[in-house]
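Below is one structure, written out as C-alpha cells; the observations come after it.
Chain lettering (A, B, C, D, E and F) follows the sequence in which the chains are written, and residue indices restart at 1 in each chain.
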Amino acid sequence: MYENLKIENMTWQEFEKKKDNVIILPIGATEQHGPHLPLCVDTILAQEFAYRIGEKIDGVVAPALSYGYKSKPLSGGGPLFPGTIDLNGITLQSLVMDIIDEFVCDGFTKILILSAHFENEAFIIEAMDLCSRKYGDKVKILLTNWWDPMSPDIIDKVFDKVPFPGWALEHAAVTETSLMMYFSPKLVKEDKIINTDNVSPATYFRYPIEKDIVPPTGVLASAKSSSAEKGKIIVDNVVPNIVKIVKRAFG
Amino acid sequence: MYENLKIENMTWQEFEKKKDNVIILPIGATEQHGPHLPLCVDTILAQEFAYRIGEKIDGVVAPALSYGYKSKPLSGGGPLFPGTIDLNGITLQSLVMDIIDEFVCDGFTKILILSAHFENEAFIIEAMDLCSRKYGDKVKILLTNWWDPMSPDIIDKVFDKVPFPGWALEHAAVTETSLMMYFSPKLVKEDKIINTDNVSPATYFRYPIEKDIVPPTGVLASAKSSSAEKGKIIVDNVVPNIVKIVKRAFG
Amino acid sequence: MYENLKIENMTWQEFEKKKDNVIILPIGATEQHGPHLPLCVDTILAQEFAYRIGEKIDGVVAPALSYGYKSKPLSGGGPLFPGTIDLNGITLQSLVMDIIDEFVCDGFTKILILSAHFENEAFIIEAMDLCSRKYGDKVKILLTNWWDPMSPDIIDKVFDKVPFPGWALEHAAVTETSLMMYFSPKLVKEDKIINTDNVSPATYFRYPIEKDIVPPTGVLASAKSSSAEKGKIIVDNVVPNIVKIVKRAFG
Amino acid sequence: MYENLKIENMTWQEFEKKKDNVIILPIGATEQHGPHLPLCVDTILAQEFAYRIGEKIDGVVAPALSYGYKSKPLSGGGPLFPGTIDLNGITLQSLVMDIIDEFVCDGFTKILILSAHFENEAFIIEAMDLCSRKYGDKVKILLTNWWDPMSPDIIDKVFDKVPFPGWALEHAAVTETSLMMYFSPKLVKEDKIINTDNVSPATYFRYPIEKDIVPPTGVLASAKSSSAEKGKIIVDNVVPNIVKIVKRAFG
Amino acid sequence: MYENLKIENMTWQEFEKKKDNVIILPIGATEQHGPHLPLCVDTILAQEFAYRIGEKIDGVVAPALSYGYKSKPLSGGGPLFPGTIDLNGITLQSLVMDIIDEFVCDGFTKILILSAHFENEAFIIEAMDLCSRKYGDKVKILLTNWWDPMSPDIIDKVFDKVPFPGWALEHAAVTETSLMMYFSPKLVKEDKIINTDNVSPATYFRYPIEKDIVPPTGVLASAKSSSAEKGKIIVDNVVPNIVKIVKRAFG
Amino acid sequence: MYENLKIENMTWQEFEKKKDNVIILPIGATEQHGPHLPLCVDTILAQEFAYRIGEKIDGVVAPALSYGYKSKPLSGGGPLFPGTIDLNGITLQSLVMDIIDEFVCDGFTKILILSAHFENEAFIIEAMDLCSRKYGDKVKILLTNWWDPMSPDIIDKVFDKVPFPGWALEHAAVTETSLMMYFSPKLVKEDKIINTDNVSPATYFRYPIEKDIVPPTGVLASAKSSSAEKGKIIVDNVVPNIVKIVKRAFG
C-alpha cells in the first residue's frame, strides 16, 4: 500500500520530480531475534516506520540497507549466533556516506535515516558528520531510531505485564515482537515465545565474548504479553512524533 | 512462493541447519532503466534468478544488495541520470568481503553470488579473491551474472525482431524488459516503450562524461518486441545452466 | 604516588617483568567542560581511575590517549566549542588496535581499557573486536567506562540535591565536577559553577548541528552540589566494582 | 626514435613547456604470456602505442606503469603462473589517482591513459571518476585499450587463419604475438609458438581458481599465423583511430 | 611552572582567546631507552622543549602524543625490546592530520609540531603536506625535531669526552641522558649507565630484524659523561634557535 | 647487456627457474634534477645499480618503479617544480607491499630493494615491516640506497673540487651527475651545469613550502667537477659493497 513511496518502483523521471521532498533511508540488520522472530526484524521495522512517516510528509523511501553493524551480546545477542551477519564499522560508514553523496548529487537536501538496529548508531553518525562537512547548511541529514522518540507514557502502556528492561535489552522482546505482530504477523512464531528473565545490562565489554552472558535462545527480555495491538500503540505514537522532529529539523 | 528460501524469513535456529547448503547472495543496483522500467530492475532480476536457482539446489538466499557499483554511460546510462545511486568500488568490495566473511563464520562453505548489474563484476571479484586467500580450498565462492550462462540459441530466439546489441548495451532493452514483464509485470509501463536505435558501444572512456553519447531516455537499445514469454524463455534456459555450473563448481 | 604503576616511568627491563600482569590503557578526550572545568577532564578521570584500579590488581598503566572520538552536542557539547579536539572514528580505532597489538607482541594477555569519554565506546569496541579475532582466547581485552559499574545507590547519594540527568547528559555536571574536586582541585574554578537546567536528552541526531540545543556554556546539567566528598564516594564505589569485573573477566 | 616524447628524458624546464599538450600514461602489466612471449608484453604494447599516438598529436609520454591489476584465468592465465606479478585493485586505483593529480598540479588538462592489460580497466576508470569529480570540466581524462578502437575489418584480416576468440581470450595469441614481432622481435621465441585450441570463455568466476580451466602453457588461443606484418596492420589501423578519438574527446 | 601554557588546563573560554597564538603539538614515543632511562624519554623531551619554546613566543601547548612511529634498530633499538610500543605509519599520519584539522577548525593558523623521536619524521610530514593542500597559505605548519636546530659548537661542548655518533645513534646516549638529568632527574638511574662502544650506523635495512646488530641493553652509544649541566647547555641553545625559526616561519 | 637479468624479458618458464635466486626491485622517482639532468635520474640510477649487483650475485631484476614518494625542498627540490610527479606515502607503501607479496607467492625468499630516491625510504621500510610480519624468517627483505654503503674514502675522491654537502643535498650534484655521465651520457646536458653554492640543510620543515629556500634551478649543490670517471669510481666501490651486504643478509 506504500508502493508509490518506494523509489525502487519509480522510473528515473518520476524520481527526479521528488528531489525537493524528504528522502528516507531505512537501515536495519540481519540478526538473530530468538526462536520466534526472523532474521529480518530490524529491516522490516526500519522499512515499515519509514513508509508510514514517508506517507505523512510526502517523502520517498529508498531501498533499505539489510545488513548493519555488529550485534553486541547485550543489545542483540552478539556475533556467536548463526544468522547474525554483520558489517565492519567502516563498511557501514562508507556505505552510508556513498548513498548520502548520491542523494545530494541527485538534488535532495533533506535526508532522513531511520535505523532499527541499536548498534548502527555510531557509524551512521560518523558518516553523517563527514558528509555534512562537505555540504554545510545546504543539506540537512537527520537520524532517528524508532524507539528514542517514543513518549514515556507509551512505555508504561506497553510494559503493563513485564518490566521495561531499557532499550539495549529490548531485543526480540515485547516491543519488537509486538511491532512484528502488527506489521508482519506471518513471520512471528507465537508458540515459540517463552518466558525468560530479563538479562542484566552490561557494565563492561569483553572480547572474546563470554558466551554465558547471553541466554541460549538469544532473547534478552521476555516477549510475553506482546500483541499486534501494542504494536499499533507504538506506531501510532512514534510516527507522529518523528513527523514532528522531521518538520522542525528540516523546517 | 520462495518464502522458505529467504534467510530473512528464518529464525537463527532454522538458518543454522542450512549451513551445509549453498548460500546465494543476489547483488543488484539502484539505476535508471528508461521511462518504462523502475530503478530496481537489477535487484529484482538478481533476486528472482536467485530464488529459482536456490529452489533447484536446495540453497538459501540472503537479502540482496540493492546498491551496486557505478553505472557507466554505455552499459547503464551512467551517473548523470537521477535515480542512479551508486557505490564507490571500494565500498562494494568491502561490503561483499564482510558478508562472505560472515557466511563463512556461520559455517557456510559454498557461496554463490548472483549479480544482475554489469558494472559490479570487477569489485565483486576483487572481494572474492581477497576472501579466498584467507580460506583456501575450504570455501568455494562462485560469481555469475544471469546473462553469461545463456545458451547462444536463446539469444537468437529472444532477438527475433531487433538486433542483439551485446550485453553491455542490453540495458532497459529486450532482455531486461522481458524479464521484468515475466517477474513483475506491474512495474513495467509498456506504453512508455519507444523505438530507439541501438547505441554504439564504447571504444573509450572519458571523464567528465560526455552527455550526448547516451540517449536522453537512458535506454541503450530498443525494448520493442519484449514480452513475458521471452522472459520465461530466458529463465527456463539460464536457471538450469547456472544450476549445472553450481553443481560442477561446488561438486 | 602511583609512579611505580606507570609504564612511562619504567625501563624496558622493568616493564618486561610485568607481562603476566594486567595492562591498563586509559582513554580520555580533549573536550570542553564548561566554564569551570579544564579541557583535560576526561583524560584525568581515565588516568586516576586507572591508577587506583591498577594499584589493587598489581596492574601497570600505559600512557593515556589524550584525544578521543567526536564530542556530540547532547553528550559533550559537540564540535562547535573551541578546545574540543576530536579524532575521526577510524583514527581512534586504528590507534587502539595498534596499541593492543603492541601489548600482545610484548607478551601481555590481559588488557583493560578504561574510557572516561562517552563517545569513545563504539570505536574502541570495534578495535577490540578486530584485534580479538586475531588472538582468540589467548588474549582477553576488557573495556569499562568509569560510570557504568557504579552501584545504583551511589547515584542516589551523589544526586541528593539535583536530579540525575542520565549518563549522556552528565557532562561537566555533578559527577565530573566532584571527581575533579577530589582528584585535582586546583583545576576546578568553583566560582564559575552556575545553576543550569538539565538539557533534554536527544531523540534524534541532525547534521549540521543545531547550535541552540546546547547551552552556550557547554554545561549540560547543573554542577551545583558538587564536592570532593562526592568524588570520593564515587571512587570508593567504582574502583572495587571494576576490580571485581576485572578479576572475573580475566580470571 | 621517440626519445623526445618521453618525459623521463626531459629536464623539468623542457617538461614545463609541454603543459598545454596531451600527456599519455601507458599502463601495462607483468604477466605470463606463454612460452614464446616475455612477461613485459603488456607494458611494451602500452608504450609502443603511446609513442606512436604521442607523435601524431604532439603529446608527451610519461613513464609506463609496469605492474597492473590481477590477471584472471580466462583473460590472462591468472595468478597461478609464476611471473604474473599483480597489484590489488585499490593499489592500482591509488597509483593512477596520484599520478593524475600530479599531472593536473603541473598544469596538464588533457590526459590520455593507454592500457594494454584487459583486467586494468575497472580500477583505472574508478580512479578517473574520483579524480574527475575534483576537477570538473577543466580536466579531461581519457582511457583507451589498444584493441577496442580497432576497425572490424582488421579483425578479419588478422584472423585469416585462426578464429578470433574474443578480446578476453586474445592472450599471448595472434594479436599480441604479431604486435611483439613488429615492435620487439628479439623478445619473441617463434619456435615456442605451438598449436593450441581456443579456450572457452568464462560464464562464471570461481575462487579458489580451478587450475584445469587454463592450458598449462598459459596460452589461451593459438598464436599460429602471427607475423610482424599483421602487427603493422594493427598499428596502422589503431593509431589513427585513437588519434581521432583523442581529437574529438579533447577537442 | 608552565601550567598556564598547557591547553589541557584551560577552560574552553580561555583556549578560545589564544587562537591567534602559536599552538604547539609535542610528539614523543613510548620506546626502550636502555637500563638507565624510562620509556617516556621522547615524550618528556618533546614536552619540555615545547613548554620552554611556548613560554618565549606566548604559545600554547597541546597534550603530547605519547606513542610514535616504529622504532628502528639503529636509531632506537627497534621493535624487539619490550616497552617499545609503536604505531603503524598510517595511524600516526591520521592522528596528526585529525589534530591539525581540529586546530584549524578552532581558528588557529600557526601550528608548531615538536618531535623528539627520530622515526616520526616522515609520517608527520606526510600529514602536514596533506593538510596543507586543504588550507593553502592561510595555515602554516612547522615541524622541528629538537636536535636539528642545535648549533654545531654545542655538539663539541656536549661531546667533550665521548665521540658524537650522529643523531640516529644518539639514542639513550649523552644528549638524551643529559636532557633527562636536567628535566627529570628522578627518572634517571645513573648507576645503570654503562660504558658501551658506539654502534655502527646502518648502511641498509633488513627484515626480519637482525637481533645481533643492537647491543642487548638497547643503548646505541655511550651515555658516560652525561650531566644535567650538559642538558642545560643544549636547552639554552636549542630553545632560542627554534624560537628564531618559529618567528621567521610564521612571521 | 644485462638483458638476461631482467625479468620483463623472461618467459614465465624462465622466471620460474630463478625462484631460489635474489630478486631485485629498483625504485626510483620522476623528479626534477635541474637544467642539466632529466626527470628519470633516480630510476636510471636504481636500475643501473640493480643490474650490476644482479650480475654479481646471479640475481634477477624486476621492472623498476618509476614514481616515488614526495620530493622535499631540501633533498629533491620539492613539489613545486614541474616534472616532479610524486606518490602519496600510502600509495608507495601499498605498491611495494603488493609486489613483495607477489614475489613471495611465486616462491622467492630473498628480496633486495634498491632505492635511488632519498625520500622513498620510510614508506618502503613500512611496507617491508608489514610484509615481514606475515612471512617471518622464511623471507628476507633488504633495502639499500646506493649511497649509504659507499666507503668514506670514495667521498673524498669524488669531492676533490667541491665540498660534500651531505647526502640529502647531493641532488642533481656531483654524484648524480657523474653517475649519469657514466651510465647514460646522452641524457646529460653538460653545458647546462652551472656553478651554484651549496644550499643549507634544513633544520625544520614548513608547509606550505617556502619557495625561496630552493634555488630556482632546482640544483641543491654544485655539479661542477662531475665526470664519467667519478661515476665509475662510485660504481666500482658501491657495487661490491652492496654485494657484501647482500651475501651477509641473505647468507
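Operating definition for what follows: contacts are C-beta pairs under 8 Å (C-beta built on N, C-alpha and C of every residue); 3 or more make two chains touch, one makes a residue touch a chain.
Since we're looking at a predicted model, the values are computed, not measured.
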Original post:
What shortest step count links chain A and chain D in the network of chain contacts?
Top reply: 2
Subject >> Joint neighbours of chain F and chain B, given as chain labels >> reply: D
Original post:
Based on CA centres, what chain would you say lies at the far end from chain B?
Top reply: E
**OP:** Determine the centre-to-centre distance between chain D and chain F, using the mean Cα coordinates as centres, and give it in whole Å.
**Re:** 27
Original post:
From the C-alpha centre of chain B to that of chain C, how far is it in Å?
Top reply: 48
Original post:
Between chain C and chain D, what's the gap in Å when you average each chain's C-alpha atoms?
Top reply: 56
Original post:
What parts of chain B, by residue number, touch at least two of the other chains?
Top reply: 88, 90
Original post:
Touch graph across the chains, line, ring, star, complete or other?
Top reply: ring
Subject >> Cyclic ordering of chains (reference chain E, direction chain F) >> reply: E, F, D, B, A, C
Original post:
For the complex, which residues does chain B have touching chain D?
Top reply: 70, 72, 88-90, 93, 121-123, 125-126, 128-132, 136-137, 140-144, 148-149, 202-208, 210, 241-242, 245, 249
Subject >> Contact footprint of chain F on chain D as seen in their complex >> reply: 7-13, 15-16, 19, 30, 32-40, 43, 62-67, 79, 81-88, 90-91, 94-95, 98-99, 102-103, 105-107, 187, 189, 192, 218
